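One chain, subunit A, links the two complexes that follow: it is found with subunit B in the first and with subunit C in the second.
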Partner chain A sequence: MESQSVLFYLISGLTAFSALLAVTASQLFRSAIYLLFSLIGIAAIYFMLDQDFIAAVQIIVYVGGIVVLIIFSIFLTQDSGVEMRKSEWWRIAASGMAALSGFLLTALGLVEYNFVTQSDNLVTGGVKELGRALLSLNAGGYVLPFEMVGLLLLAAMIGCIVIAVKLKELPEGKENIQ
Partner chain B sequence: MNQELLTPLLILSAFLFFTGVYGFVTRRNMISMLMSAELMLNSANINFVAFNKFLYPGKLDGMFFTLFIITIAAAEAALAIAIIIHVYRQTKSIDVKDADQLI
Partner chain C sequence: MFLQFSLSSLARTFHEYLASNIGEGFLLQVLEMVIMGLVLIVFLVLLCFFLGYMERKVAAFMQVRLGPNRVGPKGSMQIVADTIKLLLKEGLTPNSSDKFLFNLAPMIMVITSFLVVAPLAFSSNFQIWDTSIGILYVSSVSSMAVIGILMAGWSSNNKYSLLGAMRSGAQIVSYELSIGLSLISIVILSGSLQMSEIIQSQQNGWWLLKGHFPVWISFVIFIIASTAEINRAPFDLAEAEQELTAGFHTEYSGMKFAMFLLSEYINLFVVSAIAATVFLGGWMPFHIGNFAAFNQVMDYIPGFFWFMGKTMFIIFIIMWFRWTFPRLRVDQLLNLEWKYLLPISMVNTILVTIMAIYGLHF
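Up next, the complex of A and B:
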């Protein structure tokens, strides 16, 4: 086996293990840290696939943004050391069986199926090609989804502020205008 | 990366997806459920990148799907956390069983 395969299996094993711990850890804060390691492992897999830009976006947005946001919200909403309430045993057994059988079925289908892989690397997915296609107006360009995602982010930002803002306590007799 | 690693990559992504499904069903904490949803979105991203890289190397569509999924996941996480904080202010709890009123 080549060294690259060994590295791939090592990284994917670490990713899968920390993902499993992220959904089974009894403390919420530990669960968030395991999720962090799992996301870093996925970014490493993108690096192994030669997709540098997507790996960088994964690290910036997920590891630097979403996980930090989740950890902040854990601190805001509850004590991080408290153990979570356990689910009922029948719920754990049923969903574990459903997830396991679904995974085995999918894995069997994947092993049986013969993918016809192409080896000619015409487009490497470098930053230059991605940037040109992202702002291209021709066929195959992605300028419209780009603009729509910008609008969506603006709407989400305004929505977050409106939902999470703390209303001031008004004196008696005055209605809150909202 | 080697061509033979496509199937192990897809199996890893299936494992991550069903781990997310398991966590989403068993956890009763809203933040944990959000984390499980993020795992599922990530497994879909791995599939998009792997298929684009190994089956259609001349195109870039899978990469763009991945980039847009990451962007939308960030917006979704921010909104979900805003809603969770609002619910926590009203009910002093982030358990899904306690969030049973539209307030």
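Up next, the complex of A and C:
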């Protein structure tokens, strides 16, 4: 086997293993940490495919953002260090069924889709080309999705501010209009 | 230019020597990676020895005392003695801690710090990994450090540690924004994320000199935010010793504690090196316009010395802060970021964009 494929199976094995541990760990905080490892593993696969930009974005968004958010919310809840009680058998069975059917669906899609091996002509993820493609109005440009995502994020940000904003204390007996 | 000495020619000679003995191929690649890793580790550990010594001497200078002066000439062996002491100490693991995560946390801290060093350009053509996403890589990998801190704080099973970790997490997550925005201003001006291209764009002058006041603003914001990012005074709330004993590393001792210290000093170096690369031209010598004689004299100083000199200057400034400003309260800390630095850097980004579009810089 080539060193490339050895590396690939090593990384994807570790990713899958830590994803499994994230589901089965008995402490919430440990689950979050295993999830982190699995996300880093995915970033490693991107790095291996020479898609540096996507890998860096994967790390900055998922590892630096979402997992930290998850850990914070775990810290703010009570009993984060206590072992969770064992689930009832029907819950385990149901989640196992759900996972299995999801896996089968994906596997079916992979088998049905005939992959064509491309050795040359691979997509080079240069940052400049990526930036041009994101803002290009021509065919193959992504300016509309880009702007839509920007709008969505702006709406989410305004929503956050509305939730977090501190209203001025009103004198007694007066209701707040909002 | 026979007088010019460059690290890249040294590296090339070494590579040719190895290739003639082993032959090109997979083995050579692996061997060179291992050698590079070892060189990096030795360099960074020696650098941390130096920074530890420098920190104490600078502190002593600021407080009009002598500082370490017993071990070795002028106390320069003090850090070696401290390291031996830490090596001989027992690395305790508290009984009620989460032992796996407790031991993992310092390793994650050190690994993250080492990873960030990869795209730094030490001299012309002397770089471990000249990736096309240089700056983005640095900011993304350094965002993993917060996980190590949170892990250490939680797994210690100690209230002080947990509080310290929470503070530090909130601090790092918020100040990352300002760091990103201030770096983006230079990315806009130089049009690239790649370290070597950013340095190349400063051939006719460092960005700090030719970028007018928007770049000065982003430089100041970068220095403030990165001091906060690496948990140094006046932003060292995470380990505020009067309130939290030692914050997230209260329970650590021996070599595990030394690893936190190591990663802290490497982070200090990395942050200063990024500032030196992005704003002060990295290994680029200082040139004055068309003053050929002066420029030629400056060219004789090797790039490595320029890089290290600039980096050390910024490290000195950050050490200076520690003895100049009182520590901020938590609410002041978050106000500073969210109410001042972030809006200023957002407006500044727009100014820089206008400047870049109309070519208003030199």
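Keep this in mind: the second predicted complex is superposed on the first by the 141 of 178 C-alpha atoms of A that agree within 3 Å, B and C clash if a C-alpha of one lies under 4 Å from a C-alpha of the other, contacts with A are read in each partner's own complex, and residues count from 1 in each chain.
One rule holds in what follows: a contact is a pair of C-beta atoms (placed from the backbone, for glycine too) under 8 Å apart; a residue touches a chain by one contact, two chains touch by 3 or more.
Small disclaimer: the values here were computed from a predicted structure and weren't measured.
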Combined model on subunit A where subunit B meets subunit C, clash or fit: fit
If touched residues of subunit A are counted for subunit B and for subunit C, the larger one: B
Contacts of A:Met84 with subunit B and subunit C, given as first, second, both or neither: first
Partner chain(s) touched by A:Gln4 [first = subunit B, second = subunit C, both, neither]: first
Which superposed partner A:Arg30 touches (first subunit B, second subunit C, both, neither): second
Partner chain(s) touched by A:Thr117 [first = subunit B, second = subunit C, both, neither]: first
Partner chain(s) touched by A:Val57 [first = subunit B, second = subunit C, both, neither]: both
Touched partner set for A:Glu147, first subunit B, second subunit C, both or neither: neither
Minimum C-alpha separation between subunit B and subunit C after superposing on chain A, in Å: 14
Interface residues of subunit A shared between complexes with subunit B and subunit C: 53, 57, 65
Footprint of subunit A on subunit B - complex, ascending: 1-12, 14-16, 18-23, 25-29, 31-32, 34-36, 38-39, 42, 45-46, 49-50, 52-60, 63-64, 66-68, 70-79, 81-86, 88-89, 94-95
Subunit A-facing residues of subunit C, complex: 26, 98, 101, 131-133, 136-137, 139-141, 143-144, 146-147, 150-151, 154-155, 157, 162, 165-166, 169, 173, 176, 192-193
Complex contacts: residues of subunit A adjacent to subunit C: 3, 27, 29-30, 33, 36, 40, 52-53, 56-57, 59-60, 63-65, 67-68, 71-72, 75, 80-81, 126-128
Of subunit A, residues touching subunit B in the complex: 2, 4-5, 8-9, 12, 15-16, 19-20, 22-24, 28, 31-32, 35, 38-39, 42, 45-46, 48-51, 53-54, 57-58, 61-62, 65-66, 69-70, 73-74, 76-78, 84-85, 87, 91-92, 95-96, 98-100, 102-103, 106-107, 110-111, 115-123, 125, 129-130, 133-134, 140, 142, 145, 149, 152-153, 156-157, 159-160, 163-164, 166
